[in-house]
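Labels A, B, C and D are assigned to the chains in the order they are written; within every chain, residues are numbered from 1.
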Amino acid sequence: MLLSLKDSIDWMNIMNQKIQDNKQYLTKLDQAIGDGDHGINMARGFNEVVSKLSVTEYESVSDVFKDVAMTLMGKVGGASGPLYGTAFLKMSLASKGKEVDQQVFATAVNDALQGIKQRGKSTEGEKTLVDVWAPVVNFFQKEQEVLPNALINCASEAVEESKTIKATKGRAAYLGERSVGHLDPGSVSSFYLFESLAEVLEKGA
Amino acid sequence: MKKIINDPNQVVQDMIRGMVAAYPSSLKQVPNATVLARKDAPVANKVALISGGGSGHEPAHAGFVGKGMLDAAVLGEVFTSPTPDQVYEAIKAVDSGKGVFLIIKNYTGDVMNFEMAAELAEAEGIQVEAVVVNDDVAVEDSSFTTGRRGIAGTVFVHKIVGAKAEEGASLVELKAIANKVNSNVRSMGMALSPCTVPAAGSPSFELEENEMEIGIGIHGEPGIERKAIASADDIAEEITNKILEDIDYSNEEVAVMVNGLGSTPEMELYIVNAKVHQLLQEKGIKVYKTFVGEYMTSLEMAGCSVTLLKLDDELKGLLDAKSEASAFRI
Amino acid sequence: MKKIINDPNQVVQDMIRGMVAAYPSSLKQVPNATVLARKDAPVANKVALISGGGSGHEPAHAGFVGKGMLDAAVLGEVFTSPTPDQVYEAIKAVDSGKGVFLIIKNYTGDVMNFEMAAELAEAEGIQVEAVVVNDDVAVEDSSFTTGRRGIAGTVFVHKIVGAKAEEGASLVELKAIANKVNSNVRSMGMALSPCTVPAAGSPSFELEENEMEIGIGIHGEPGIERKAIASADDIAEEITNKILEDIDYSNEEVAVMVNGLGSTPEMELYIVNAKVHQLLQEKGIKVYKTFVGEYMTSLEMAGCSVTLLKLDDELKGLLDAKSEASAFRI
Amino acid sequence: MLLSLKDSIDWMNIMNQKIQDNKQYLTKLDQAIGDGDHGINMARGFNEVVSKLSVTEYESVSDVFKDVAMTLMGKVGGASGPLYGTAFLKMSLASKGKEVDQQVFATAVNDALQGIKQRGKSTEGEKTLVDVWAPVVNFFQKEQEVLPNALINCASEAVEESKTIKATKGRAAYLGERSVGHLDPGSVSSFYLFESLAEVLEKGA
């Protein structure tokens, strides 16, 4: 794979479209086991991201990721703002001065995952977006060639898996056992992120 | 959704204008930030106190800004922690050089956003300390989970740390007193009905006519248990006992707060208060002071929480100290 | 009906116990009466102030009992004026010999029951005077009808007459200042949802998801007009204009009260307040002081009222005077 | 007609039964154009009345009426308490030391009506219980012989008539035109009072 500057911007535009389309759905998921704002938060954030990207000239993927990070950090709030913000900041750093091929990207998402875990004091198996990022990182590190459909499958299996987990981090943790059987909203929005990426890679292929 | 609002996405901005209009001589908005600060901030030679979080908990937190309590409140979107840059704006606006103390409720989002702001401030040479309040006994306390939530007990932290800061205490002293309050305060809540985040447009959950949620938080999230609605006495008893099981208040003096979550008539809060006092009396726990009303709400949720704070002479003095905050006048 | 109560027929008694438990050092129940009085009543050399009415308006009226405001509140059943014997008990309990002043909201029941109590008291040689507050501009004012209702503006009467009484004013002086406040205060309310009298068990009326009632009272009664729900700005404008049409406030200074009827989040009250201030500013009316919160409720009704009080120097001074009432601290 | 001591007590017992049976109905009527407590108020008051009457020995109808008056005055509250209380107090005074035949009773209800009007500063045509008491007083003054059914008809027609009136007194006055088409709750409870009386007279006849 190779993520061009244009790809990275397309990625964010597609992501924003998915988030706006699924704003209500994400909010509904968050109402069930959280406070019902995840869709609103993500929609506000990615709406700002695409506005920002549309009026700025970029030189590199790293610069795009940096503005995405700063915009999410400053516009989302809640738990998801710092987490997505940190993720993109780490990806920006890891891709600085580089062409974003699969190896660079694998390192970037891995750094992002470590950043998320550190910020959130969280790890795998706690019913958070970490449970989608972790297998996706693994996918980029292990696969010889990134097949878009395989990426989507990997992320979507991870989301489904999140249903069966009992939450121990984030607001859903307050529900304890009652969180089992529900999808984690942050995992679903992370799924959209990787699904969007797959669609960009598909087009590029 | 029936609300007296203009644009669901502008409720926080509109509210801020309404608050500044109401108290122009004591409150100001920090320019271009969703931050309300004491008009006279930064106050020379005083450590500044900042709290905040998502909106929808009014009068928390901006109602507690004022001489004797907070120097600033940072207002996030409804039920959404404010972003680090907003918290950082608040820090810069109120720091007098003696440092800034953050009172954070224990939610992942609040903790992360406030921590990131503290990092930004420290990078600029501003001293920052913080307490993370976690008074909700409904939630299992475990180092492997998110831990307990911060709910209405946070208001006692604002009050007592605020009084101490007004006396000229240092950051270190404030951290100590904040930890002391936090380790002596316990709360638990229940709800009869959900609430609706304006931008979401639909209620957070549904409850049948004969159901209630016990162990509810303050963000329209479901509680720890759903069951048949009980009498005020039974509700008061369940909550009070849960708190008393958690820490030993016997032969102690306490402050009591019976807090309305939004749409519960004050009449019902006093009915709950009657039973709480009776239970405490039976157990030999003396009530020093009682607060009944809306302090930490969850939009228009129907329900209440009970908070008990164990007091010693130091805490009593600080609790009784003058406060000029619009929603907490003593 | 979902309420945090025990027995629907005991809510007033239970609430009274809860209030006395909350404020044992400042409040007492008059034995065998649904009357809450200042702990130190009768206060020597002071005309005593009594208000009251049906319950369900909390914090009115017992929340306004305290030094600087009322000497006693008489609590009727929910939305039902108290009986003459209860009012009479209150009069006897607080009269120091300087007489008793009654603050009555203009409802047939309140007027009749308080008048009958006054007759009983006068027969026993106690001097009694009264004001009948009628601030609601929603209601047609005509000498052939019941006349206007008394709603949230009554709280300003409590505050100002209370301050004057604390200064040692005579019954005649209190009557004069009460009439002055009453003739300078105007209010109007609206609702998004009804309320449920506990003993009735069902809501007072029904409103569709897109409807509101304008010109609502504080007893769950329907308003003067039902129409499509409007924005906070439009609601604020309709109410403010209706008040301003009624009396001329131009170039005057006013006190503003944005009062929640029970379940309206404080956030929404401040949103309304922002628009009220903007409108007043546009019309050159200066706001001296603003009160936003729940002062005169209608159980868990969703809605608000706006009150404007025209001020002169005397009224300003009395409005600013210290009050120790639990629900009105200045 | 002749209202014996026992009749007067029966009257109150029957009235109480009707009020308890129609408590919800009266409250519903009051919810429509008032504050929804009329049934609750009347039920509380007449329940006390029958308790009081059941434990007290009486010598005269006047004494019964006096206790009814005092009980209603002290237990009902609202607008209806003072009004019904005043009515029975006036009836007690008018029947003091007398056998309650039709002439005495006609004077008594007339005095009651005047008392109500004075207390309530009200008159006919304002959609209050005055609109039932006034025709009933007229009935007792005009009719040669009190036929129970005629009394019921007179009161029930008056109640129906109250529907068409626009309220200018009491809480319903705040509704103005919107009060038209609704029954006045106080008129309906007054109807029960005279219906109960008719039933007592019927039994006595």
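Methods note: a residue touches a chain if its C-beta (ideal position, glycine included) is under 8 Å from a C-beta of that chain, and two chains touch if they have at least 3 such contacts.
In this text the structure is predicted, and so the values were computed from the model without any measurement.
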CA centroid of subunit A to CA centroid of subunit B, Å: 32
Chain centre separation (subunit B, subunit D; CA means) in Å: 54
Mean-CA-position distance for subunit C and subunit B (Å): 29
Numbers and ranges of subunit B residues touching at least 2 other chains: none
Touching two or more other chains - residues of subunit D: none
Graph class of chain-chain contacts, one of line, ring, star, complete, other: line
Inter-chain touch pairs (all): A-B, B-C, C-D
Subunit A residues within the subunit B interface of the complex: 27, 31-37, 39-41, 44, 73-83, 119-120, 168-171, 173-176, 178
Contacting residues of subunit B [partner subunit C, same complex]: 2-6, 11, 14-15, 17-19, 21-23, 55-56, 58-59, 63, 192-193, 209, 212, 229, 231-233, 235, 262-274, 277-278, 287, 290-294, 297, 299-300, 302-304, 327, 329-330
Subunit A partner contacts - residues on subunit B that touch it in the complex: 9, 54, 76-85, 107-109, 112-113, 116, 138-140, 144-146, 149, 197, 199-200, 202-205, 217, 219-222, 224
